[in-house]
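All chains are identified by letter, namely A, B and C, in their written order; residue positions are counted from 1 within each chain.
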Amino acid sequence: MKFNNNFQLIGKNINIGKNVSIGDRTVVYDNVRIGDNSIIANDSVIGEPVNDYYHNKEYINPETIIGENSLIRSHSIIYAGTTIGRELQTGHRVTIRENSRIGRNCSIGTMCDLQDQVVIGDYCRLHSSVHVGQKTVIKNFVFIYPSVIFTNDPTPPSDVWLGVTVGEYTQIGSGAILMPGITIGKNCLIGAGSVPAKDFDDYSVVMGNPGRRIGDIREVKSRKFDGPYYPWMYHFDRGMPWKGIGYEEWLKKNKADGE
Amino acid sequence: MKFNNNFQLIGKNINIGKNVSIGDRTVVYDNVRIGDNSIIANDSVIGEPVNDYYHNKEYINPETIIGENSLIRSHSIIYAGTTIGRELQTGHRVTIRENSRIGRNCSIGTMCDLQDQVVIGDYCRLHSSVHVGQKTVIKNFVFIYPSVIFTNDPTPPSDVWLGVTVGEYTQIGSGAILMPGITIGKNCLIGAGSVPAKDFDDYSVVMGNPGRRIGDIREVKSRKFDGPYYPWMYHFDRGMPWKGIGYEEWLKKNKADGE
Amino acid sequence: MKFNNNFQLIGKNINIGKNVSIGDRTVVYDNVRIGDNSIIANDSVIGEPVNDYYHNKEYINPETIIGENSLIRSHSIIYAGTTIGRELQTGHRVTIRENSRIGRNCSIGTMCDLQDQVVIGDYCRLHSSVHVGQKTVIKNFVFIYPSVIFTNDPTPPSDVWLGVTVGEYTQIGSGAILMPGITIGKNCLIGAGSVPAKDFDDYSVVMGNPGRRIGDIREVKSRKFDGPYYPWMYHFDRGMPWKGIGYEEWLKKNKADGE
């Protein structure tokens, strides 16, 4: 129904895993590897050639890797030279530029726009229309809500690109704009519509334009039960690796595995 | 010219009205009903299956209804399980998720992104790139300008979704971000770039981050004539049901009809 | 590889230059002119008919002109009645509405949304997802970063459209929202996330919501060398006409040419 074998595999050195479905009119360019059981919906492009392609006859498409069990929704474009871990989920019309690295179990929402040279960890969630500038670094378990912008040029226009860095478990509210080169700590809550322009320590709650630290996230109350809600990992496990066992248990297990 | 009968009707129980045009490569899934005289432009999807479709062999597509005289522009995706009234107009690349209800004579601009379980009244206008979070409730005659964001989670990430409610006739300026669970009254003007984080009464003018009430909308002057411009219904009728007869007359007529 | 002659030239009076490549499924409507050596990638529409097309049998598509050496990336839609100079570069899924004029050597990023009756000068760069409202006027060498919004209606909804005007060389940071009818001078730096609501003189640095002048751009230091970075034209030449010769020399040459 959704998959009528009306796609195009173009060129050479394409490695499609077992049980992969590819939608109508989707195009796969040179040097693409797609893991087992993945679904690439219709009208997408995997391994989109970079700019040089249009002008250089000797052009070789860099390798593109999509991990197993991934689901890429329709009209998405993933440029060549990017590596994405297993269990990726995307929305529609996502753009992911070249030479980025995205971990496993990430979700990238409808119309997200990831520039080149981005590094994203594991189990991150980008909601709709997030713009990730070049050289942004996002650690594991970071959730980013709609229309957040990661900037990178402190003196535009220039060739100085200072990417933003975001620590593990941090939540970045809708429409926040992160200024070039700042570092947000772990377990922070960056308020919707805020404009953080300097570094913030772990556990900061940040609000306003410019963004100011207004408190400690561990003092933010739950709306469902009596007591603090954060760190959120003790109260939320949808899609997380601690689902079923709890965050504490998972941490111990992880530690044991690491020894 | 635009319609070459190169579309796909997939599966069963599709009910296409009289004089409907469907564009090239547009796909219509199971259990879709499209009203008379509607135009669905090219490269669109009507009745896009929800996530379960990919994993459940017993999947049944929920019913999707598009009212008569609608015009859906190209590359739009409307998920299954959503009901939309007559005379819908969309821009390009609109996404409307499942289980939402949209009234009649609405307009939804290019790249708008409506999440699931949204309720929108009649004669609403969403300009480009509006993001409407789950459980948002928008009453009749509300106009929303580009890139407005409706949030819903007060303690992200959580399963507490507190949708925003917006009263009749309210205008929400470009890039405003509405915080979870707030209620905006009727006839308000929410300023561009503002971040309302609490309830606001009818007739409020709201500006800033965080949003503050800075006045009464009935004191805002027209730029065209001497005197107050609001309530706007006395001075603007393009596409409105009081066109030709005036708002006052229309109100009376409505009241009489209701008796 | 990318170009398989699987596009559609529709109707009459289409003038395609020498050595033009058109991607798969791209549609070119009546009265379109495309300059030599241009590349129109897949799934695009050039000369998209305006609203009247759907209802008026006598409809004549206004003339659309794309200059030579242009590169339009996939899934872009350019409406009829718009004229664009040579060496245009676009990202993916760009929308450019009818009756706009865009100069030469401009770049318009992924998901930009240009409304009708816009005027943009030469060598302008719009990064991703910029929304340009009706009647906006942008002079030469203006750079606009992601998700900037140009508004135009001071009393929404109305038929008073007061476009924003932006002077030469000005830089507008990510997510800034420019209020209706304001004029930004030359060589300004409008900070990311700011909301300018009044006119600003040449060389202003503007920050905050509402936007306030916080200094003179000529006092902003470089991050790379000791000394002021602005005017930026002395330190940045990628894609600019003074590349190789320097801004000063180019100015002199220009002046001499003009005499």
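Following the convention adopted for this analysis, contacts are C-beta pairs under 8 Å (C-beta built on N, C-alpha and C of every residue); 3 or more make two chains touch, one makes a residue touch a chain.
Note that this is a predicted model, so its numbers are computed, not measured.
Interchain contacts join each chain to each other chain, per the touch definition above. Copies chain A and chain B of the same sequence differ in orientation by 120 degrees, per CA superposition (steps of 5). Centroids built from CA atoms put chain C at 28 Å from chain B.
Counting partner chains per residue, chain C shows two or more touched chains at residues 25, 43, 75, 93, 111, 129, 147, 175, 209. Only residues 1-2, 25, 39, 42-43, 71, 74-75, 91-93, 110-111, 125, 128-129, 143, 145-147, 171, 173-175, 189, 192-194, 207-209, 220, 222-224, 229-230, 232, 235-236, 238 of chain B touch chain C when the two sit together in their complex. Residue ranges on chain C touching chain B, taken from their complex, read 10-11, 25, 27, 29, 43, 45, 49, 53-54, 75, 77, 93, 95, 111, 113, 129, 131, 133, 147, 149, 151, 153-160, 162, 175, 177, 179, 195, 209-210.
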